[in-house]
Amino acid sequence: MSRRMAAFGEVMMRLQVPGYELLKQANTLQYSFSGTGVNVLAALSHFGHKGYLVSALPPNALGDAAVSYLRKLGIEDTYVSRCGHEVGMYFLENGFGARPSRVTYANRSLSSFNTASTKTFDLPHIIKNVEVIHFCGIALAMNTQVRKTMITLGEMAKEKGCMVVFDCNYRPLLWGDNGHEKARPYYEQLLHLADIVIMNEKDAIHTLKMETTKMELDDQIKELMTIVAEKYQISVIAGTNRKIESHDKHTLRGFIHRNKKTVFSSIRTFPVFDRIGSGDAFSSGIIHGVVKGFDSRTTVEFATVASMLAHSVVGDTPVSTENDIVKVMEGTIGDIER
Amino acid sequence: MSRRMAAFGEVMMRLQVPGYELLKQANTLQYSFSGTGVNVLAALSHFGHKGYLVSALPPNALGDAAVSYLRKLGIEDTYVSRCGHEVGMYFLENGFGARPSRVTYANRSLSSFNTASTKTFDLPHIIKNVEVIHFCGIALAMNTQVRKTMITLGEMAKEKGCMVVFDCNYRPLLWGDNGHEKARPYYEQLLHLADIVIMNEKDAIHTLKMETTKMELDDQIKELMTIVAEKYQISVIAGTNRKIESHDKHTLRGFIHRNKKTVFSSIRTFPVFDRIGSGDAFSSGIIHGVVKGFDSRTTVEFATVASMLAHSVVGDTPVSTENDIVKVMEGTIGDIER
Amino acid sequence: MSRRMAAFGEVMMRLQVPGYELLKQANTLQYSFSGTGVNVLAALSHFGHKGYLVSALPPNALGDAAVSYLRKLGIEDTYVSRCGHEVGMYFLENGFGARPSRVTYANRSLSSFNTASTKTFDLPHIIKNVEVIHFCGIALAMNTQVRKTMITLGEMAKEKGCMVVFDCNYRPLLWGDNGHEKARPYYEQLLHLADIVIMNEKDAIHTLKMETTKMELDDQIKELMTIVAEKYQISVIAGTNRKIESHDKHTLRGFIHRNKKTVFSSIRTFPVFDRIGSGDAFSSGIIHGVVKGFDSRTTVEFATVASMLAHSVVGDTPVSTENDIVKVMEGTIGDIER
Amino acid sequence: MSRRMAAFGEVMMRLQVPGYELLKQANTLQYSFSGTGVNVLAALSHFGHKGYLVSALPPNALGDAAVSYLRKLGIEDTYVSRCGHEVGMYFLENGFGARPSRVTYANRSLSSFNTASTKTFDLPHIIKNVEVIHFCGIALAMNTQVRKTMITLGEMAKEKGCMVVFDCNYRPLLWGDNGHEKARPYYEQLLHLADIVIMNEKDAIHTLKMETTKMELDDQIKELMTIVAEKYQISVIAGTNRKIESHDKHTLRGFIHRNKKTVFSSIRTFPVFDRIGSGDAFSSGIIHGVVKGFDSRTTVEFATVASMLAHSVVGDTPVSTENDIVKVMEGTIGDIER
Amino acid sequence: MSRRMAAFGEVMMRLQVPGYELLKQANTLQYSFSGTGVNVLAALSHFGHKGYLVSALPPNALGDAAVSYLRKLGIEDTYVSRCGHEVGMYFLENGFGARPSRVTYANRSLSSFNTASTKTFDLPHIIKNVEVIHFCGIALAMNTQVRKTMITLGEMAKEKGCMVVFDCNYRPLLWGDNGHEKARPYYEQLLHLADIVIMNEKDAIHTLKMETTKMELDDQIKELMTIVAEKYQISVIAGTNRKIESHDKHTLRGFIHRNKKTVFSSIRTFPVFDRIGSGDAFSSGIIHGVVKGFDSRTTVEFATVASMLAHSVVGDTPVSTENDIVKVMEGTIGDIER
Amino acid sequence: MSRRMAAFGEVMMRLQVPGYELLKQANTLQYSFSGTGVNVLAALSHFGHKGYLVSALPPNALGDAAVSYLRKLGIEDTYVSRCGHEVGMYFLENGFGARPSRVTYANRSLSSFNTASTKTFDLPHIIKNVEVIHFCGIALAMNTQVRKTMITLGEMAKEKGCMVVFDCNYRPLLWGDNGHEKARPYYEQLLHLADIVIMNEKDAIHTLKMETTKMELDDQIKELMTIVAEKYQISVIAGTNRKIESHDKHTLRGFIHRNKKTVFSSIRTFPVFDRIGSGDAFSSGIIHGVVKGFDSRTTVEFATVASMLAHSVVGDTPVSTENDIVKVMEGTIGDIER
């Protein structure tokens, strides 16, 4: 039951200082390419689906490198337009202990993705080809042009009956002062189009300006997700709550709200190797569970373990197979198998 | 009181992905050469003994690399026959957190060691030269030919009065379905020849199909080791019990059974850098303790600390000196010495 | 005018010692995956075609790594069967000066490709999908099983009207003593099926046991290619003559025989970075030229420059685009463009 | 006789693929920071002068890394303003043989340097502090704002009696179509301010639209430099002619025009490791020769050898001392000294 | 309120085995340059001060590399004399778990610093230029010549009114048997000159042979620091107490004694990446706090957090800015900021 | 006909900057261990002999690393005394083009070898065990103590009938001003003891102050070697003449003088990867040829090709087998064998 799925999003070049040096100490970088859409599709391709990225990259050596990398991750590059001049980048310096990891963005505003017009993309062809399409709040924060393409594609997908997934993924730095106010109308547009939404109680409270009468987190989630689901007519809402125990130990619990019922995953505490992209692993787990017809409990456990495992791999992009995840769901920590 | 010791066993090429990437993510490998016999002899050479490996490697660039590596580890290559065509290999991807380490074997069945005939080795010369000889259950699992050489050499050693060491080291994947049944007769042959045996209660129960009337682990060990020692006329039996606390934290306790008395080491809990080969460090510690005339308590503490330290070094092969081990036995964790 | 093209061939793991150390001096390896079919398809995908590899890889971490790598090269993995247990390997030590490069093969006889039965592959589906199919004399040397699959697929392709390409690629070490005699019948079978053949005068003389009355190389080529084309009814025959000037400087000249006329390329002398796979670049250039309807002169120049450029890139696999090649065909060596 | 010298110019991040891989093949980059001003000052600091860069870098991790790197090169960072958001970058893939090196620029238009207003820099303080100031045609190509700062600073320097150096360094890609016409007025402004100019006959013919009646290169240079020197009242004009023998072998000859006399250096043919920045080494050699009072012959030989040696070092930035250069001027190629 | 500060001390070359291999296992080293004076000045330059190292390095490639490295760290090299022949070195093998880190010193006795005569340094010029000067007990342990320079410079500084800082930093291996007795007179000389002293109760008891009537550590510190401050007329005494929880987890608490009052910092427990140089971070924090007029509580918290953060960075040398430290003082561990 | 051979000489740590960076540009080093004795014995062990190094190394981590490395090279460490404190080192920066390679020695005067007393070594045992012993002029330059051991061992060897080999290897920097005068008496002592001497006409003229009446190099060699052989009663004298064509291309011709006849090898011109240690490869070739009874022509060709091949391998130490050398002697440059 492999599905054809698309995601609309930017491909960013990740330039990471190896080990624990700062940029001012080191002289080499490891590079890869990622982005929410990239991560979600790569994860889904590891679950057996066919993932088509809808994006834009420049027709130069950086764009070539990005496309090769996408293909290596198992992603189809059919809908990656080669236009524009720049690739968005981020430099990553790993933190240690009390010293936090540091991300320095570069060159994002002029990237091919952020400057591509809507007609760059053959939207009707895309819509015709895929069954599921994923959007993300990060792209929504970019500029008017990107939002236009996003909403056009979302409406076409809705109309054609594609399953629309929207990950709220609110990034304060991108929206700036008074960000929630600015973001709200666009978020609402997307929510009206979405079948599956990834969010948690904070998005409801801050971005959607909803209120909760409850004191306990679990009750807040139940109450708010019920309201959101009803207001925007969303089939499935899912999200996580994360607790940072220490620099290299996090706790995660997922929830899923479907058919007016909210189900929580078990609580997972685990060591952290690379935190970036772990939210996208959760999204991909939810999509896979829904598409495969897992029950809510199984879906949310699967997604939470997928996210947990994504903390244990190098790079932003999840690489676990369904089998890898199921083994951890069933298992206990064991010795090397040989 | 340096002794001349031999070990019969395969040399394998270990090809490890650096850091925490998977084979499908990385593009470089670190290689080294190891194997139970290699590890035991290298450890013993760090204790001041002279270790002769009895093995076979192809007369090509891979074989040359293996021999150079053995020499670097302090092992004598006099009895390493250069014949056949292939080197057994294993690829290692390091696990992290809930993601386990993964070993992928390659090319083992046709290796020079596994295809060498008994007459490849100058067994009389070997027997004449050494005082101790080590065998391992992994080699026993290989094929009829290897078993033949192993038992011939074991019998010659026994007859000449060499100290024979046998590490049970049962590998389920190598024996396949119904493995314990298949393995039993060969294990019994070796046990009849052995002076020192490395095993624990699981080997007695599963491979030797013995039964215990006890509920507690300590009692089971005492009861079963007494039976084994008597049945096969073995002077020294030693082994460990390992508990996997988490991906990078293990607990280990050793025991030794000698003169009808079982002595347990103190319990060691420690961080794990590289678990492979740590059992061989324990064996080497037991051999050294017996040869040097340490009492049972000292011997089992020494071997357990040797094993613990082997978890802290890069690669399969132990590199601690007697002095390194004694300092840990006596000491507490300290600051950098400078 | 992008075409769908297939190639039948083994995927090998290339494990190269970085720099100029020997295996016994170094401790790291760089790995990639290649093979004649891989190289030809990757080159063709850089010319805008769609390349489908027909091969087999084990369902383990090495197989996963190989598939990711194929995708990164731009190759479609639809027809790569995941079965068997092993991947063929070769270790490469770079030569320098009078010290030649050294290749050590490992683990080839039991590879998934060499042990896969004909029915492993969905041949009818492949034939239906592609317009061109490439075979190579290396696969022909493997074993009866591989030859059976190869000839079955070739006959089906011929019947359906696919363009069949056969690269003679005779490897003495694989055929052993009296190799040409052993190889001849199989080569003849393939030649009867082929539309395009890559070979030179040596293949005609040694493998096909033809004789030439000429003394000069050019005349020999003209005479022999005419005979071969006629005897086996081949549309296009092309090949190269290589002269090794020194360790890092080679000379190459291509020829093409079509419609009873033999055309030679200009002579190229150039520095060599990595010689392996450069013959596959030539083949891909010939295929591209024929498919695009280049005239003979342009086709053979294009293929020869493609091969020359393949000596200048890292790894076995050509990565030049049509544009890269045309620029060299037209141009002269220039300063950095910036 | 150490002098205080300034240079006005952008600091660029150089991100180089190690070895000979393309960006789409590799996964690591080596980074450093360079630029014409950086290179000239670093070279001059190796000759014992004190070099102050006048530039702008963002107050983030990339800017910190750049400043540390400048300091490491021996450059004073007193006049490096920390403002703006971006660092200009270029990615470098090394060519080999017929495959040329490839430079991909990124993120240049929004760099801190290119967006800094004139008042960002404390020009009076700079002028008061230094004796020599260097400008470059690359900065002139950037935008109106950069040109404004450049000319303001040039005029202040002229007035105060600083020695003004201008390197014509015309970059066709930056000026675009009809570039020489666009560039001419700005070049003329700078030439009127300059005491030392780095250029050759091509700049005179194309950018300054001068004409020569001579056929031979030497005569053209003599004729044109005489006209330029007179027209713009320039004390010293110097430049090089380069011949690309092959990918890794260049030939270089320098000239200097002073007091109405043109002197040529001997012709140097040499292997090339890294060509970028070698022109800046020549400029620094001319500046040093003039400041130290070398005669024309010595000055131009010194500068040409400085440039030749800059082809032999890693990175854009020259690192030779005066002593290194003099030894080559005097010497012949020798064995290792030990 | 940036100050000009000097430190007198040796520059050592640190040669570290990457990862966790031993010197006998590895074949590469990472090198950098450090030393107490280097570390303190680099830390202070990150706080906005100007740091001048008073040291000596040979006029060869190693000395050049050291000077470049000092500059990269933000240190001024004006007072680094280029004389003598050797650089002191230490080789570092990283410990893991029960296996301790190991430092092997090399080539220290003949280093340029340890063989430089007092007149090598232009002491009057230094004294005239700087406001604060730092000395360390390690240099005091070297030899008569070094001690002579140190005390001459200290006396000149005292006389001129420079703030003199002395870090007791007693190294048992350098002083040898009966070390405290040997060291005492020199320590007392320095204490008489010092305004700020870094030490703890152990220095008072062992080196200064003082006695305490108290049982509790806090009381001992209060009592002893009061005595020391009075006896030697010292304005500020500060120090730390460290507890080694495990190989990679330490606990630290700082104290400061000023105006007869002892103030303790909060207790910090944290993971350890690189312990070397963390004491120097503490000193630099104390100096900065005093110079900036922080109150005692703020000063000791600032210094303790500076030291804690220094455990989290690569290399000996602290790289935290005042802002980095203040954020940790105020904050809690957070997610990646992006 | 494998022989037991010893060499007396220092083990030095070679610390090389990878690639073409200078020490002030890089931050990693590759290390290995070499020395004339090491190189000669390693080469001889590749020819099937057993090589025992007579040397001294400190009982610390550096000494351990050196011993492991010697063993890896195939050398026996039985006579390597573990005493003293330091290891001599040299740092190597690779030259390129006109920029020469640069060697910076460190820490040599206090090395274990240079401070070991004669009685450190069990000379009678060594003499009893070996058949050939090698000395080198570098050790002779060290100090009185080293010379004493060297001459004592030489005399004992002579007396017992060991074959004594002396490589003149005059190093001007070690002997200093008026070096030949200082060196002469010690050289003469060794020459009187030697059976095989490695030298050329320059050693005869400068160190031995002999005069030649001839103008042509060949005649000078014939004349001078005849005189030397007679005067010091030496059976075999051999040496090379090197011409540096360019930075990476040398020409070499060997000669051998035996039984009053001088035979020259063919002239070899070849690319150079690593020149250091190539002279030791020549010596080992001569020793092997003499011991195996090759005729003069074969011996000198073998030694010259051994030396040529040593220029093509990484590191100081030759790694060619007899078979490698013979293939080059017979062959021509060929394509990759596969």
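In order of appearance the chains are A, B, C, D, E and F, and numbering begins at 1 in each one.
Going forward, a residue touches a chain if its C-beta (ideal position, glycine included) is under 8 Å from a C-beta of that chain, and two chains touch if they have at least 3 such contacts.
Computed from a predicted model, the values in this text were never measured in an experiment.
**Student:** Which chains make contact with chain A and with chain F at once?
**Tutor:** Touches both chain A and chain F: B, C, D, E.
**Student:** Tell me which has more C-beta contacts between its two chains, D-E or D-F.
**Tutor:** D-F
**Student:** Computing the C-alpha centre of each chain, which chain sits at the greatest distance from chain A?
**Tutor:** Most distant chain from chain A: F.
**Student:** Distance-wise, how many Å sit between the C-alpha centres of chain B and chain C, to the nearest whole number?
**Tutor:** From the centre of chain B to the centre of chain C is 46 Å.
**Student:** With chain centres taken as the means of their Cα atoms, state the distance from chain C to chain E in Å.
**Tutor:** Measuring from centre to centre gives 63 Å for this pair.
**Student:** Based only on mean CA positions, could you tell me how far chain C sits from chain F in angstrom?
**Tutor:** Computed from C-alpha means, the inter-chain centre distance equals 46 Å.
**Student:** Specify, in ascending order, the residues of chain A that touch 2 or more different other chains.
**Tutor:** 22, 24-25, 27, 68-69, 102
**Student:** Chain pairs that touch, all of them, please.
**Tutor:** A-B, A-C, A-D, A-E, B-C, B-E, B-F, C-D, C-F, D-E, D-F, E-F
**Student:** Residues of chain E touching chain B in their complex?
**Tutor:** Against chain B, chain E makes touches at 19-22, 24-25, 90, 95-103, 105, 171, 173, 242, 244, 246-248, 275-276.
**Student:** What residues of chain E sit close enough to touch chain A in their complex?
**Tutor:** Going through chain E, the ones touching chain A are 270-273, 305, 308-309, 311-315, 319-320, 324, 328, 333-338.
**Student:** So in the complex, which bits of chain B are touching chain F?
**Tutor:** My answer: residues 68-69, 71-74.
**Student:** Under the definition above, what is the set of chain A residues touching chain D in their complex?
**Tutor:** That would be residues 15, 18, 22-25, 27-32, 60-62, 64-65, 67-69, 86-87, 89, 91, 93, 102, 104, 106-107, 109-110 of chain A.
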